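Once you scroll down, you'll see the structures, which are given as structure tokens.
Heads up, the next two complexes both have subunit A, just with different partners, subunit B and then subunit C.
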Partner chain A sequence: MRSEWVLPKGHLSYWLRQLRNRASLIAPLRVDGDIVFKSLENIHEVSLDNPALLPSPKEFLLPQQEGMFWTEGERIRPLLNKERRFIFGVRSCDVSALGLLDRFFLEGYGDPFYRERRRNTIFLSIVCNNPDPTCFCIGLGTGPYLEKGFDIQLTDLGDRYFVQAGNRQSQRLVRQWSFLFTTPRKVDYEDQYEVFLSSKARFQKRISLESVREYILAGKVRDSFWESVSERCFECGGCVYECPLCTCFTVTDRSYSFGTERVRLWDTCLFKGFTRMAGGVLPNEKRVLRTKRWYYHKLVHYPDVLGSFGCVGCGRCTVTCPGRIDMATIAIKLRDLQDNGR
Partner chain B sequence: MAVRERNNIYLPVKAEVVEKRHLSADVSLFTVRPDVPFDYRPGQFFMVSLWGAGEVPISVASLRKEGAKRSQQGGDLIEFCIRKAGKVTSLIHDVEKGGFLWIRGPYGRSFPLEYATGREMLVVGGGIGLAPLRPVIQWALRERNSIKKVSLLYGARTPDDLIFRDDLKRWAESGVNVVLTVDRATDGWDGNLGVVTTLWHKSEIDFREAVSFICGPEVMIRSAINDLFFFGMPEDRIITTLEAHMKCGVGKCGHCYAGRLYICTDGPVFSFREIKEHNLL
Partner chain C sequence: MDKILTVCPYCGCGCGLYLHVEEGRLVGVSPSRSHPVNRGSLCVKGWNAYEFVVHPDRLLKPMIREDSSGLRECSWDEALDYVAHRLAEIRDRSGPDSIGILSSAKCTNEENYLIMKFARAVIGTNNIDHCARLCHSSTVGGLAAAFGSGAMTNSISEIRDAKVLFVIGSNTTEQHPMIGMHMLDAVDRGAILIVADPRRPQIAEFAHIHLRHRPGTDVALLMGIMHVIVNEGLVDIDFVRRRTENFDAFEHVLRGFHPQAVESITGVSIEDIRRVARIYAMEKRSMLFYAMGITQHITGVDNVRACANLVMLTGHIGLPSSGINPLRGQNNVQGACDMGALPNVYSGYQTVTDPRARRKFERAWRRKLPTKPGLTVVEMTEAAYEGRLKALYITGENPLLSDPDLNHVKEAMKGLEFLVVQDIFPNETMEYADVVLPACSFAEKDGTFTNTERRVQLLTRAIEPIGDSRPDWEIIADLSGRMGYEMQYRGTYEIMEEIALLTPSYGGMLHHRLRERHGLQWPCPDVGHPGTPFLHRKKFAKGLGTFITVEFRPPAELPDEEYPFILTTGRIYFHYHTGTMCRRTAVLEREEPACYVEINPLDAERLHVRDKFPVKVSSRRGSIVVSARVTERTPEGVVFIPFHYSEAAANLLTNAALDPTVKIPEYKVCAVKVEPVMKEDRRTRPVKVVDLEDLRIT
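After this line comes the complex of A and B, so read on.
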């Protein structure tokens, strides 16, 4: 089955409108100056001229808070979210993150709440032709375009989109409205390649997390370094909430007069109470242990366990962190230390 | 319960409390009969919950018996030893005989009991840490023909804090070398004083040949494993079980994450070698 097409730009809104008839269509919208992913009422609201830095679509698979069960007496009802969604305008880095989230949540003990949401969501991602100064996906192979792992990938070629479908489910979304699409010609491939090259050339940050990892594993990074990092941590949790790969959650029960809901909420390993045990023992009471844990998880343990870094180079923590101890800054600091032969 | 629903790893099963025994001022033993049978081994744990209160990880305090008295319907009896330590466990303590708990599991790695076959077994417990070790001793007594000797060193804060006193007596009568100690004596106590790690000489164990199973407060585990290693016990045969805050029990919530491992799915049972390798203590 063919998986590549060209979509004239004038046909995009028609196609999106057709998609919206099948499922809810979520896309970046400008709301009071902020860009947020929201369910679309009016197709023309779609904001296509976005900076690369959009919110992570993680919230549609692992919401900030999500009901798990509802109980009344002894009757228990799992609250599986079966809403069908198309999420349009997602970035390559976030699609790369999804591949890892899928492995994390679905391998071993499969998470039923994540599985149900994931099964019903199709992501339409856009190749970044204009990366932000904070972006560093290029060093990780998680962007600005993807070779695989996407549902539908669109490349903006000026007056038309190059459309690629990564699986059968997505191919059907094109074939159902095949009259909108044309067969790619040689010039389309050439233009797409040019967009890839010019996008790559625009990256300002070139970071190799691989060399940072090697440096850490060689035992060259002293605890005093992590001490100085943790001194700058405000424990706001911003990096964790923004990170497309941070998945920690807590579970709590909420009782009402007519029943009880078991809810899960985002949680943060940077909070002191995160590991509080029975009797009030705090294994990670020292802040440096928590800061170090976050970096080790992403730079050392993630590759050990899943074969990829726990970072896709989206740069959100760079924008969010008030203490300027985000992934990119720390990686650059460690690289400088390394270059100075320390 | 429908089969499809049982595929939900977070969905607990109802378990009736058929017996509740007070073991000390703040520790009770709950014997429950779940609606469906569970297959579990010593060292594993369940997530025990009350709707409206929350879930807590509790290790099994009983040995699943072969040919045990099967209940009329549902599964075998399971025992959970629970200390009143926080909000959820306090509310669980309010549940009386005939009430219900909700359980899911079993989770985690069990004790490698087979290491004890043909060897001497040293069990070291502190406080409520005896709970997960109880099925280990029960197993050893069941398999007594293949185990050379069983020695238990057990300590608590005061004589009243020693739990499973009936069992301790029974085990001593069955040939287990039971050595008890308390931090603080009260009237009527003429036994040992001090922490368990001052009692190695009373264990009557050949440390180099034995296997040890340890559970208790973190400081106790720390000094016990270091002592035993110093005495020449191979690091693979120094086995302990670690405690951590958990919300899911299945490696997703991230709370028990420590040095590349999840205590819930990679543990909670670890050997001294693994503890050193992953910097767990």
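After this line comes the complex of A and C, so read on.
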């Protein structure tokens, strides 16, 4: 089955309106000075020239708060969210992150809440023509465009989009409205290639996490370095909340007069209470241990277990970290130390 | 999924955040990237601000106390009729001044305005106050007398351009995290950071100089610094001559504060005093910051005056990145003061004793208004204790945890004839309430909040009210109608229109203007005005700045043989004030579930106390048992207890000694003793120390 088309720009809003009739359509919309992901009401509010949105689209698969089940007396009613969603306008790095989230939640024990949401969500990603100053996916192969792993990928060619569908479900979405699309010609492929090249040239940050990993594994990074990093941590949790790859959550019960709800909420491993043990022991009471852990998990443990870094270079932690100790900044600091031969 | 821009309900930074709503339920929060304060960040409280809203404890229905069976649920009509009837009856019998009203720094500007209008026009008393009394009344009093305006003079976004940051008595990174973020940015850009704090807060880790003066000696420390500035000719003579008055009298007093004398009072070395004086005076873009460490003393006003004198002496005011910046605690404490929820002023600090101001409000409200300033929070407690105050109407406050010397407050509450408590959650004070009225949380109402940099921002309703709860302004307006004074507003924007008409500094603050660019900073006198990022440009609000002479007075209660430690109280990062909201937030409560006392390792060793051991802390007024946290953050001879925990309330210990001018209690210094609870042999038994590091598998 064919999986590549061209969509004239004028046809996009018609297509989006059609999609909205099938499921809820979420897109980057302009509100009060910011652009955020929310349910689409007016197609004209869609804004695609936006910096990375906060938080990442992970919020649609692992929401900040998610009901797990209700109990009333003896009865238990599981709460599975079966809403069908199209998420339009996500970035390549976020789509790359989905691949790892899937492995985390679905390999071995499958998380039913995640599975249900994942099954019912289709992501329409856009190739980044203009990466943010904070982006560094280019050193990780997680953007600015993807060869595979996407549902639907659109490349902006000026007056038209190059559309690629990565799986059968997505192909159907195009074929249902095939009259909107045309067959790609040679010039379309050329233009697409051009866009890839010019986008790659626009990155301001070039970071090799591989060399950082080697540096850490060589035992070259002293604890005093992590001390100086963790001193600046505000313990806001922002880096974990924002990161498309972080999966920490906690579970709590809310008992009302008419029943009890169990919910899971975003949490972070950067809080000392996250690993509190019986008797009140806090194995990671010192902040430096937690900061170090976060970096080790993303740079050492992830590659060992899943074969790729726990970071896709989306740059969100750079935007959100009040202490300026985000992944990119730390990687650059370590690179500088390394370059200075220390 | 919808996202609605609103303002964080916790601290005075006033961060912009989006509330996420799905099918009418709050499901999350995210930061605004374009907001000038938080710029895409939030602290942990902001990130979790959605959760408490639906907590099962929320008050859902009005309640009335039945003598036999405690509180029973009732309808709004019944509750409000009863309140109206009782208040009217007490007013007619014992006079309007037998009724007191406590407003709230958690309520919107519109609500505070209506509550103060209710007290003055409907009840006919100036007995209205709120918790700012307990945190920043010294600022309002001290800075107003010196400059004519008691607020942060600069904007938060100016911090990153400063060259010197002088932070006194503020644990900024933990209590005003987003301001702390801007400070760190400034330091990264080369600014010099000076921190003066007896404890070692996180911000001190980044300080180039950390002065650890003895608690309660701030006046001496600041005077010592100014002595050096005068002596070494670092005074901005031009500024002092042209823009200030009363310098000579001040200089005369200053002579008594020779650095040698100051060293022996404060424990800070002469060299450090000199260094700080030179660094602070010689750089032009110097910003001074202070918080509760300055204000919560019996010398609170003097401390503030000393700060004001310092900035006038060096001319560090009235320019971008140059000024004096009190960091206000509650999200709307600035607004509650601006709106005149204080016993001596109407909105915009127009005093009740000024006949012209009074006439203006009398004409607008069509009621004769009382002329005598009313009682403050702590004085109301005292009056209730003595039986002079018969009824108290409390909105969104919890005096039975927040006020000093709680055992005394309890007696006072018991003595009241009639107590109304209006809040979102049950609290300690409700135990004594005759009527409980359920109010809406920040997510269920609209209005405006004013943050610490004077930015008036719009709050947007995200969800429908939970249960039968109603926004505070609706409750007050309804009640007022039942007492024969109609308050008819179609929405909070109409209240704001009235505020704008009567309050010069809010003249241009109309809701439709505030929607753009995250609000406006007052003064904003008319609808064409763009707001004011920094104050006192070219001229002080009151004309000339006044040097007010101050003398050093030691704290009211100093340690002695029996009570050898100084207790200082405060907040911790994961919690907020009386814990009403944060202690109902799963992650925050999990992080710090129990009260503790911070104690220096050397003191701990002397007492044979180890980390996490239970200890009993007692003062002349009460005692609590808490676990010890042994840390160098607290200096020898000083212990620190957070005041959030009702089960071990630090305010059972604190001293209700008041500053003579503004009546702020001295939360930061009182004398206590610390005793281990465990038996001697268990405490001294050696334990094998296992280093967790060694066990770690990487």
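Rule of thumb we're sticking to: the second predicted complex is superposed on the first by the 338 of 342 C-alpha atoms of A that agree within 3 Å, B and C clash if a C-alpha of one lies under 4 Å from a C-alpha of the other, contacts with A are read in each partner's own complex, and residues count from 1 in each chain.
Heads up, the rule we're going with is that contacts are C-beta pairs under 8 Å (C-beta built on N, C-alpha and C of every residue); 3 or more make two chains touch, one makes a residue touch a chain.
Computed from a predicted structure; not experimentally measured.
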Could you look at A:V305 and tell me whether it touches subunit B, subunit C, both or neither (first, second, both, neither)?
first
With both complexes overlaid on chain A, does A:P63 touch subunit B (first), subunit C (second), both or neither?
second
So, does A:S211 touch the first partner subunit B, the second partner subunit C, both, or neither?
neither
When the two structures are overlaid on chain A, which partner does A:L54 contact: first (subunit B), second (subunit C), both, or neither?
second
Does subunit B (first) or subunit C (second) touch A:R276, or do both, or does neither?
both
A:T250 contacts which: subunit B (first), subunit C (second), both, neither?
both
Can A:P112 be said to touch subunit B (first), subunit C (second), both, or neither?
first
Can A:T182 be said to touch subunit B (first), subunit C (second), both, or neither?
neither
Pick one for A:E231: touches subunit B only (first), subunit C only (second), both, or neither.
second
Which subunit A residues come up in both lists, the one for subunit B and the one for subunit C?
250, 252, 255, 267, 276, 283, 296
Touch list for subunit B against partner subunit A, complex
5, 7-11, 14, 51-56, 83, 85-86, 89, 100, 218, 243-245, 247-248, 250-260, 265
Listed in rising order, the residues of subunit A that touch subunit C in the complex are 24, 26, 31-34, 36-39, 51, 54-55, 59-60, 63-66, 231-232, 234-238, 241, 250, 252, 254-257, 265-267, 271-273, 276, 280, 283, 296, 319-324
Could you pull out which subunit C residues touch subunit A in their complex?
1-3, 5, 18, 20, 26-35, 40-44, 47, 50-51, 54-56, 173, 177-178, 180-181, 184-185, 188, 202, 205-206, 515-518, 573, 586-587, 590-593, 612, 692, 698
Give every residue of subunit A touching subunit B within the complex, in rising order.
68-69, 71, 74, 76, 78, 104-105, 108-113, 247-253, 255, 260, 262, 264, 267, 269, 274-279, 281, 283, 293, 296-297, 300-301, 304-305
